[in-house]
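The two complexes that follow have chain A in common; it is paired with chain B in the first and with chain C in the second.
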Partner chain A sequence: MAFLARRLGAAVLLLGVLSLLSFVLLAAAPGKPENLLLGPRPSTPETRAAIRAQFHLDDPIHERYLSWLGGALHGDFGTSVYTREPVTSIITERLPVTAGLATYALILTIGVGIPLGLAAAMRRGGRLDQGITLTSLVALAVPPFALSILLLYGFAVTLGWFPVFGAGETAAERIAHLTLPAVALAAGEAAVVVRQMRAAALDLVGQDYLTFARARGLSLPRVWISYALRNTALPVLTVGGLLLAANLTGALFVERAFGLPGLGELLVTAVARKDIPVVQALVLLGGAVVVVVNLLIDLTYLAVDPRVRHGAVAS
Partner chain B sequence: MTAVSGTPLFGGRVARLRRTRPGFLTVVSAAVLALMALAAIGGTWIAPYDPAAQDVALGASMPSWAHWAGTDDLGRDVLSRCLAGARSALLWPVIVTLCTCAMSTTLGLLAGYRRGWVDAIMMRVVDLLIALPGMLVLIVLVGVLGGGIGWAVLALAVLFTPGDIRVVRSLTMAQRELAYAEAARTLGLRPTRIMFRHLLPNIAPTVVAGALLSFVAGLVALSGLSFLGIGLPAGTPDWGLMIEENRTLLDLNPWASVIPAALVTIAATAATLLGDRLFERLSDAA
Partner chain C sequence: MLLEINGLTIAGPAGTIVDGVGLTVAAGEMAGLVGESGSGKSLTARAAIGLLPKGLRASGSIRVGGVEIVGTAGERVLRGLRGRRVSLLMQDPFSMLNPLRTAGAHIAETMPGRATREEVARRLAEVGIDDPSVAGRYPFQLSGGMRQRVALAAALAGDPELLIADEPTTALDATTQHEILALLARVQADRGMGVLLITHDLRVAFAICDRVSVMYAGRVLEQGPGTSLAQAPAHPYTAGLLRALPSVEYTLEHLTGIPGSVPPAAQVASECAFAARCDHATTRCRASRPPLREIGDGRLTACVHDTLPRLTARDVATGTLPTGSGEPLLVVDDLVKRYGTHTALGGVSLQVAAGETVGLVGESGSGKTTLARSVLGLVTPDQGRIELDGLDITRRRALTRQERARVHRLVQCVFQDPSTSLNPAMTVGATLAEAATRAEPADRLAPGDLLELVGLPPGYATRRPKGLSGGQRQRVAIARALAVRPSLLICDEPVASLDVSVQAHVLELLRGLGRELGTAMLFITHDLAVVRQIAVRTVVLFKGRVVEQGDTATVLDAPAHDYTRRLVAAIP
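On to the complex of A and B.
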């Protein structure tokens, strides 16, 4: 339990730091806060005074932080400076695209990464292993936006297999529209999983309990799935948090490259327009997702590995 | 140099590096990086056109004899811009790498050698920085607060340092227990001297291999920022910026964005391969 308490404490601390960071954005951004919050509307002394009153800009900063944080905890991030819509409704409108993209990429990452990593480990040093290792190294290096452009040109423009821009309407269209972006997003992540999986599986080769399991006459799938896979789960899970962070930032680039109206595209536009309430909400949301997933990963540790439960492994 | 102690440079690792023949891919990667470095230095002179010269009447055009890689929507020569863009695309990541190395080596040595409260505090800060969704924070900070490429470079160095601190720290902790470090302490040398003159040379190879990977991360991050329109002013010849500015021309002249995208990809791949091989050699030799 001490393990979990420590992780929870760290998560709360991290969210605190992120909330402070996104709160001070408004104060630290160049230009007066009331002018930023006015956005494209005409700036007269009256409108500026109205904004100051509406956002309590004359209150002491810690009170403003607390009231802003209180609103944020209730899902109220104010209204967009540009569209005058509530930030929460803009985000919920955009969420499905990003969630779909991230899920698609995750399925590709796991579906491709784990088998390839295992295959490379089983054929250690062979042609297949060398090929997989080299490909994963290249995939790791390629930036998602460059890969997006190359995929767009190759598969959408030249070959015409996939649509070029947009997110699509029907479910089938969605999948077609999201395939190339998901590949661009998943390539680097799958590479991480392949490398981690290969290293973890190589550690296993020659372990006594595997030899013993086979000696007891257990079937090969049983040995691989309930013994080997379970023991490789821990190091692979460890990179899960890293993958997620990569996924979040990768989505920014990929959505922009493919013109997908998702949260990443929203953030980039909001940053460019200095639409502070939207930016604040997205930073907090991104941070919260990272924190929650990392906690979930810690819980999975506990479920998968009894050694962590009994405090035998420091992690 | 006469080796008094009989301990060759870097515990013999450099000698062993020289003895093993580099593989084909390593040579190709090094050659590619060298070519790109040449373009970064002299690209503006080799370029057939002025990278900023516009020919609005021509507009975006496919590759031709006059323009080998075609032109962008303002009629600027893509080949010349790619050559000229090598400088900003590669120079800034090098600066990021140098800053990262300087900070992570100093702080990592300090934490690993001194231990105690310095180490404890530093590790807490490192843990926090690693847990932050770094690029997200970076994009927002540099994008909203402005400040251009200089701040982006500095922020990236701060973002990359924690991971490297951990590596340097753990290496230092292993080295400080060895006989030569003990001997240096017995001689009564100052800790700074032991850290930088005795321990540093022994961890330097790993630092260099790590620097190559920092360079890749810096290259990808900075061209990514340019791609989002953050950092460099619009119109600067830069690979990331070219991808962003020309990605809508995929039907008129796809090469205007495909070539810079390929260049970023090739540079990142070559540096990764080189860094990876270096790490592998070092761990083989260790």
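On to the complex of A and C.
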């Protein structure tokens, strides 16, 4: 419990620093929000001053930060400078698409990466291992947006199996719409997991306890599950968690390529429009996701490894 | 017969490793397989349970309970045999158990059918663990000896008829070794089980095994009852091994190792494998490969000579060790070091005089390594004082640059494992030259001279550690320590990872250095026989405290403290 309290304290501190940094950096960035808001329309100094007053742009920066922080703590992240909608509702509207994509991609990554990594390790040096290693190298080398275009052209345009654009409405539609983006996102990540899994399993094959388990005549499923999988789970979990965090916050290339109204897409537009409240909220959300995912990984470590649970090794 | 091995040959990419081994284990028999590292004994054991490492192939015949397992048997057949007919106990209790599973889970998963809590507790009691709560503990919460007991219970959980124990005590402390061996013998007798005990420790094998096979370069050179082998070896190799064994009862004048090193099995396929290192070798030995032949009393030897000039196990000329000048060189006073709540050193005081060798004996966790690291400046003690040649070196950081350089020239260290203490990327010559740059210019020795000092040809300077044997590497590590001409050498188990014939050479080398260069040594070891051969005084450390110190002879022959008595009693 002390562990959890310590970690939560650290997380809150981290998010505070992150919000402050992003607030100051965005305020210091060149370009005036009111100019972007007015666009090419002619404006008088009075209208500009009115807008600045409405958005409290002339207050000292620490006051602006504190009032923003006060709102944020109550779940109010302000209103978008551009669309005048509350930031919270913009994000909640976009979140399901990104969350769906990230989860879908993670399932593909784990579902493909772990078995292939194990298979490669078991057939070390053989044709299967070479094939898997080479394929994973190619998947790592192709950037997600290039793969997105290839997939779009092949499966959506030429073959017409999957929709080209949008996120779909019903659950079934959603799955169909997210399949190609998830594959594009998962390919490189699965390659990372394959390599991680292969290395972890190779390390395991040389361990005495695996030989000892076989020498006692344990059944194959038992050797695989309670020896091989459990002992390789930790490094792979760490990578998987970090990939999930990256998917939730940084899938913007793929979202762009497939025209998905997700958070990555939102971030790109908000930055272009200098929509500071939206950007600020997204940065904080990204930070929170990374912190929460890491906390979850640490909790999983606690659950899986008794040595961490009993404080035998430094966590 | 539970196990019948005939003409077993194991080959890898680099050629034959095991060549025509024959071996049997009957029910109720404790059979021993001894040999130095690289003799092929562990591979023979692995082959007998069908778990050869990848890339190695066995041919010949291995029958386990009448079932042939070489060639024809698939993984399914083998899995049926493993655990129920034959089981394996391995060397390292720290890596043999799954770190994520409890002791009880290891036992329960190996038992046929469902395992009840009572049954697991009964199995633990069989290996001398009377506390049933141990079943719920994880391996990292248990000591080495406890882990080895749990591993034995797990290996026996399927009630095998045959247990293969591959160096089951090598990684344990002396007293724990003794306990585990006694336990193994008791369980074997209670169950009427067959045991194949693989060990490099001749004393252990000869003391507890009914029959012993001596392996060398992939083949068996001699076979027979343990006691008669120990008394009258019928092969020059066995005699050489016995002669190389340090005695715990007296200090030998000369420690005689076997000259040369073990050849690869493939190189000596059609001659006596030992001929190149044998004093009695004749042309007959090289003409063809001598078969194992019977010489009565159930004994077999692969030596062609009928009447060897009486092979004595050892010459009993006793020697003396230099006592030093009496001037204190190293003074350790009331040293305390704590790690969290654990007290590694609880007020240790000792002295080493110039030119004197002091043995430091204790089990793992006794604080002997912390003490050595404190003297070397790798650990800063919490309390107490270390003085070296009149200089207070307790806190290295408080010393001036010149003082630190002086300390560096005063004390040097030789570690246990030469394969990790030498930089693999540097040639031997570069390593030695680098070390010599720290010496006083007048004392500086060339790499060739340093190599000669430790009995290696100067030409070895161009080699890298990979191209040397274990004993040669340890000599290089000693030469590196001598490069600054230190007054004090700290030796942390320098012969513990070496084979017995090599160990004798290295010990003799260190003794010679003590005599000729007048180098004082603080010699850390767990082996009382080694202490007897090298240290004029002995300090016994137990749980961070000195429990006994004095003349080595007095400490070993008339131990005063209970712990020392247990150590002495643990010698096989």
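Definition applied: the second predicted complex is superposed on the first by the 259 of 315 C-alpha atoms of A that agree within 3 Å, B and C clash if a C-alpha of one lies under 4 Å from a C-alpha of the other, contacts with A are read in each partner's own complex, and residues count from 1 in each chain.
Keep in mind that, in the parts below, contacts are C-beta pairs under 8 Å (C-beta built on N, C-alpha and C of every residue); 3 or more make two chains touch, one makes a residue touch a chain.
What you see is a predicted model, and the numbers here were worked out from it, not measured in a lab.
Colleague: Which partner does A:Y104 contact after superposing on A: first (chain B), second (chain C), both, neither?
Modeller: neither
Colleague: Between chain B and chain C, whom does A:V279 touch in the aligned arrangement: first, second, both, or neither?
Modeller: first
Colleague: A:W68 in the overlay: touching chain B, chain C, both, or neither? Say first, second, both or neither.
Modeller: neither
Colleague: Identify the partner contact of A:L267: answer first if only chain B is touched, second if only chain C is, both if each is, neither if none is.
Modeller: The answer is first: A:L267 touches chain B but not chain C.
Colleague: Applying the document's definition of touch, where does A:W224 land relative to chain B and chain C: first, second, both, or neither?
Modeller: neither
Colleague: Classify the contacts of A:D305 with the two partner chains as first (chain B alone), second (chain C alone), both, or neither.
Modeller: After superposing on A, A:D305 lies in contact with chain C but is clear of chain B.
Colleague: With both structures superposed, pick whichever of chain B and chain C touches the larger number of chain A residues.
Modeller: B
Colleague: Quick one: is A:L140 in contact with chain B, with chain C, with both, or with neither? Answer first, second, both or neither.
Modeller: It touches chain B, and chain C stays clear.
Colleague: Hey, which residues of chain C end up touching chain A in the complex?
Modeller: 49, 51, 54, 79-84, 87-88, 90-92, 95-102, 109-110, 138, 140-141, 151, 154-155, 157-158
Colleague: Contact residues on chain A for chain B in the complex?
Modeller: 10, 13-14, 17-18, 21-22, 25, 28-30, 134, 137-138, 140-147, 149-150, 152-153, 157, 164, 245, 248-249, 252-253, 256-257, 267-268, 271-272, 274, 276, 279, 283, 286-287, 290, 294
Colleague: Could you pull out which chain A residues touch chain C in their complex?
Modeller: These residues of chain A touch chain C: 124, 207-209, 211-220, 222, 226-227, 230-231, 304-307, 310, 312.
Colleague: Residue numbers of chain B touching chain A in their complex, please.
Modeller: Its residues touching chain A are 25, 127-128, 131-137, 139-141, 143-146, 216, 219-220, 223-224, 227-230, 240, 243, 247, 250-251, 254, 257-258, 261-262, 264-265, 268-269, 271-273, 276.
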